Amino acid sequence: MTVKFGIGNKRLRESTLIWFLLFPSLAVFLLYRILPLAWNGVLSLQFWSMYKPPRFAGLYHYKELFLYDDVFRQSLWNTLLFMVGSPIGIALGLMIALLVNRPIFGRNIYRTIIFMSFPVMTVATGVIWLWLFSEKTGLINYFLMYIGLIDHSQPFLEDFNLALPSIVLVSIWQVVGLYMIIILTGLQNIPPSIYQAAKIDGANSWQQFWLITFPLLRPSIFLCLIIGIINSFNAFDLVYVMTGGGPGHATELLITYIYKTAFTLARFDYAAAITVINFSLFLALTWLVNRMSGGNAGAVETN
Amino acid sequence: MRRHSLWATHLLLSTTCLVMLVPFYWLLKTSLTGENLFSYPPALLPDNPHIFYYVDAWYSIPFVRYLLNSVVVSAIVIVANIIFNAMAGYALTMDFKGKRVVILLLLSCMMVPYQATVVPAYLLTKELGLLNSHLGMALPLMSTIVCIFMFKASFAAVPRSLIDSARIDGVPEWQIIFRIMLPLSQSAIATNVVLAFTWSWNSFLWPLIILRDDNMQTLPLGLANFLSVVEDTSGALYAFCIMVLIPGLVIFLLAQKQFIQGLTTGATKG
Amino acid sequence: MLHSALYTLFCNRFAITFGVFLIITAGWNTIVSFNDDGIIKGRVVAADGKPVGGATVTLLNKELLVTVLGSRAMTNEQGQFTFTHHNSHHIWLQAAKDGMGETPRVEFRMYFKGQNLNIETPLSFAENDTKGQ
Amino acid sequence: MPFRASAAFTVIAALISTLLALSGCSNESEPVQNKIVVLTFNMPHYKDGFSRWVAEFHKLHPDIEVEQIDRKGSNWGAFYHTQVISGTAPDIIDTQGGAWLQYASQGGLLDLTPFLEKDAEFTANFYPELLQSWIYEGQNYGIPLYFTKTLLFYNKLMFQEAGITSPPNSFDQLMEYAYKMTKGEKSGFMTLNFDWLYWSLFAMNGIDLVTPDLRHAAFNTPKAIALIERLAKATKDGAISNISWTGRWVEPNSMFAAGQIGMLQAHSTALLWMLSNTSWINENTIGFAQMPGNWSTPNAHALHISADSKYPQAAWDFIKIATSGEGAYSLGISLNNLTGDRFVNEKILDYFSQTKPIVVPLLRTQQEHLNTLVGNWPLANDAEIKEALYPELQSALLNHKSAADALSRAEKKVNHILSRDDRTAQSQSSVSGGQ
């Protein structure tokens, strides 16, 4: 949908209007995203100390990252595993949205309770779940043993294989409410007439889902994926409060590793190199997801 | 609705609600009884609950002062977010030379982890002289890229005839945005308010870096200080967690009719 | 017209919750202002229930992390003691008299700082005098 | 359709100004009066004590203001590094453990040796061995504010149950007692693991972290492998609780406070935490002793002056007030810790003998055997080596990896860190000459 304007100074006036409208947002992003990214890029090519003038280091940090640093490889792997959490969360959100969308009694109450966990402060969520998972007196262990699923209590956050899934579970608990709401928006945008037509052609509920609901929900699901990626940055507070990087580096994400390198070890040049790689990984991921979902970034198409 | 599928729906939904509510209940119970959490088996019902832990928490951290700071910062962030995102969203509906570059730029900005931008952002805020101020805390969150795209989509969905007739009547451009387009994209505004509120209310690392004196601190900082000082699991920590959660929940429960209703009316029904 | 405008302004759910909240805080503050003079009264008795005169009662303020020595008071012949202008919400009381040892520490928690307190159960020098904490 | 840009602009400008007014633009620009900034470490509850220090300080320097900023342990680094980078480094900083080493080695801290020599009687107050902990390449950078060191807390009730009469005096006896006290939910031994607090277990078995010339890792020896295998086996059998290797502060102390652990290796502040959480702890139920071989790791806090402070002499006077005499006494009382000043510690012990008798035997253990301190090597990047070594140890101790494999991987990493510093140090000093 484009608006074509006339000639000469009308075109000039129109472009000043557009750039004027874009100016505040672009100023914020320039100041707080692009300049810092450039700062990190420059820094990753230097031996940089807080007290001494920096010296050029070429690709020294990148070489050390890929050859020596197995913690970097593990945190990279953990971050990708963490990204798998968001599709699971979206699937859950989709199922709940389908259930809540039905005309049943009290669906508003269900919808509010499920969404209530999103505005909760991440630090507080971390504290709550830290004690729910605790080995000796955690409620989860007590419940699992009560129903006989396990015979002795499991150290969820101290176990090398269970620590990361536990954090993924908590991050899903926190964001599934928002996924449900976004998908609900998509569901309610589908005009009911399409369903009547499908019923007349004899499509059962399963075919209705696959042929109508799911394709039309693609933009909402794409929006949830984008929010999932951004939410993985918020997972920093969760990992920081619950396990601080977990047993060994089992729950070390790229973001916690950047924070630890920059602020506990005061190695800003090394942390800058990890930031640059983290940024390019996520950019490639978004470009891929954008390409997959029909190239219109985040638009909730309806026509 | 066949009989058994109704029951199935209710059963599934109530178990989900149970899973969502158990952590809150556990938090409330511990804030009332505050037993040493290493007594096994964990008691499901609170025994001799008392509210003295809330008194402890109240006197150890200036709660009202922190709440005020958090509310001011969130208010600035929400107001700025709606204005800036609406403006940018409207601009993106129009065609202009650098449009592709701007969209690519916005997409890539989404991917910069804010933890890594903290130090350069601090240096820039120092130049602006906004250190140690509410505006300084709000500035990085003033615009959210996801919401710009949402506004773009909902503006694009507004029927052309409405805009052209307004233009013919001589309505100025900005009135078109704020008087005609905005009221029609309720869902974008509602999502933007929810996201902006949550991310500004929960921001922890940025205020930690730029704030110097104590009476400017926000609630997450208060909770983190509490965790560091007390570093224990007595009821006072959980009481403070509850006190930190209540404002967010009260605002949400009061406004949730507008939020959810705004979200689910969708763009077209405007 | 004015009536309906006022109606919408004051009867929507935000105003009601905020109004109720204000009333509760105002009520609570008046209650607090009436009895926060910081007066604590109590009695000290020996193991057999007879009042103990001349015992020194120590008041320890329990802050979040540490227990800080507050103030001391002496009991009269009827074994009664009073503290004035205490300013804490969480205290321990312990009576001691040379020759009779110490009573166990008793914890008192209050709803606000300096709350007046009349302690019914007296501090008693029990037989098996558990020393220390 | 005339586009009234001015109308739009006025609306936007009005909104921005309301935002500014809303924020009350309370960022009063830093008035350029002379001021020293003190960055303290996790002491928000010492407000009135700190204001007494400032009052004392104003007697010497009435014209200099003092601003206190307090940050929590793990956020302390985030705040301090940002301040240094933006050129407003705090004049006095309070660091824990070996964090000061990376700042001193890069020239960020002021050398305090001339100050110490000038104020000889002030320097005499301190324990000489303790003062050594802040010497890097012959220069002293820190003055002890308060210090603790690790000791062995033991549960007397569990000792009696297992028929043990006295604390262990050798590593074998420690393990033997641990196995004796382990049954059901209870474990025999537990240790804290942050900041090298566990290192006395290695020291008593003759294992050291680095070679005396601080150039190479020295912990990958058959003795070390045998020790880790033994500890790992004890963890699997439950004699050593696995929280020793994964818990940080709350979990280990809570378990000991719940009476489920026979012996706990921790520093003296752990008792303060337990006293505020349980009531069963008193002289009859808990004992304090040195670890076998009297090895212990200090967990001390020190004050330093940053190299580019504008008021080094004023900062030095403030440090003198805080670390000795009346100032140190009030701090020691409120934190239940000993200070660096020998004479103040005697007064602190008298105070506690009246108000809290149980603390006295505990603090006595903190004054003894200062000659066998471990875990305070003057390594330029102590934090990095800790980050490289401990996760490997942890995975071996939790039986996730073999001891030999974990130690060899850790040795490779530590040697890489140590060798990297030689390269950057040399090239840095050769390029930038005398910094």
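A, B, C and D label the chains in the order they appear, each numbered from 1.
We adopt the following convention: a contact is a pair of C-beta atoms (placed from the backbone, for glycine too) under 8 Å apart; a residue touches a chain by one contact, two chains touch by 3 or more.
Note that this is a predicted model, so its numbers are computed, not measured.
Peer 1: Any chains in contact with both chain B and chain C?
Peer 2: Neighbours common to chain B and chain C are D.
Peer 1: Taking the mean of the CA coordinates per chain, how far is chain A from chain D in Å?
Peer 2: Using C-alpha averages as centres, the distance is 35 Å.
Peer 1: Would you mind pulling out the distance in Å between where the CA atoms of chain A average out and where those of chain C do?
Peer 2: It comes to 49 Å between the two C-alpha centres.
Peer 1: Could you grab the centroid distance between chain A and chain B? Build each centroid from C-alpha atoms only and quote it in angstrom.
Peer 2: 15
Peer 1: Scan chain A for residues touching two or more other chains and write them down.
Peer 2: Touching at least two other chains: 17, 134, 136, 259, 262, 268.
Peer 1: Please list all residues of chain B that touch 2 or more other chains.
Peer 2: Expected reply: 37-40, 60, 80, 83, 119, 173, 205, 224, 227, 229, 233.
Peer 1: If I count partner chains per residue in chain C, which residues reach a count of at least 2?
Peer 2: Counting only residues that touch two or more other chains, chain C contributes 63-65.
Peer 1: Once the touch criterion is applied, which pairs of chains come out as touching?
Peer 2: All touching pairs, sorted by chain label, are A-B, A-D, B-C, B-D, C-D.
Peer 1: Please give the residue numbers of chain A that touch chain B in the complex, ascending.
Peer 2: Residues of chain A touching chain B: 1-4, 14-15, 17-19, 21-22, 24-26, 28-29, 31-37, 39-40, 96, 99-100, 102-104, 108, 110-125, 127-129, 131-132, 134, 136-139, 142, 173, 177-178, 181-182, 184-185, 188-189, 219, 223, 226-227, 229-230, 233-234, 236-237, 241, 254-255, 258-259, 262, 268, 271-272, 275, 278-279, 282-283, 285-287, 290, 297-303.
Peer 1: For chain D, which residues count as touching chain B in their complex?
Peer 2: 1-4, 7-8, 11-12, 15, 19-20, 22-27, 29, 42, 44-45, 67, 69, 71-75, 78-79, 81-82, 85-86, 185, 249-250, 253-255, 257-258, 260, 273, 276-278
Peer 1: Would you tell me which residues of chain C are touching chain B in their complex?
Peer 2: For this pair, the touching residues of chain C are 13-14, 17, 63-65, 89-90, 109-113.
Peer 1: Which bits of chain B are touching chain A when the two form their complex?
Peer 2: Counting only chain B, the residues touching chain A are 1, 6, 9-10, 12-14, 16-17, 19-24, 26-27, 30, 37-42, 80, 83-85, 87-88, 90-97, 102-103, 105-117, 119-121, 124, 139-140, 142-143, 145-146, 148-150, 152-154, 156-157, 160, 163, 173, 187, 191, 194-195, 197-199, 201-202, 204-205, 219-220, 223-224, 227, 233, 237-238, 241, 244-245, 248-249, 252-253, 256, 260, 263-268.
Peer 1: Which residues of chain B touch chain C in the complex?
Peer 2: 50-52, 55-56, 59-60, 229-230, 236, 250, 254
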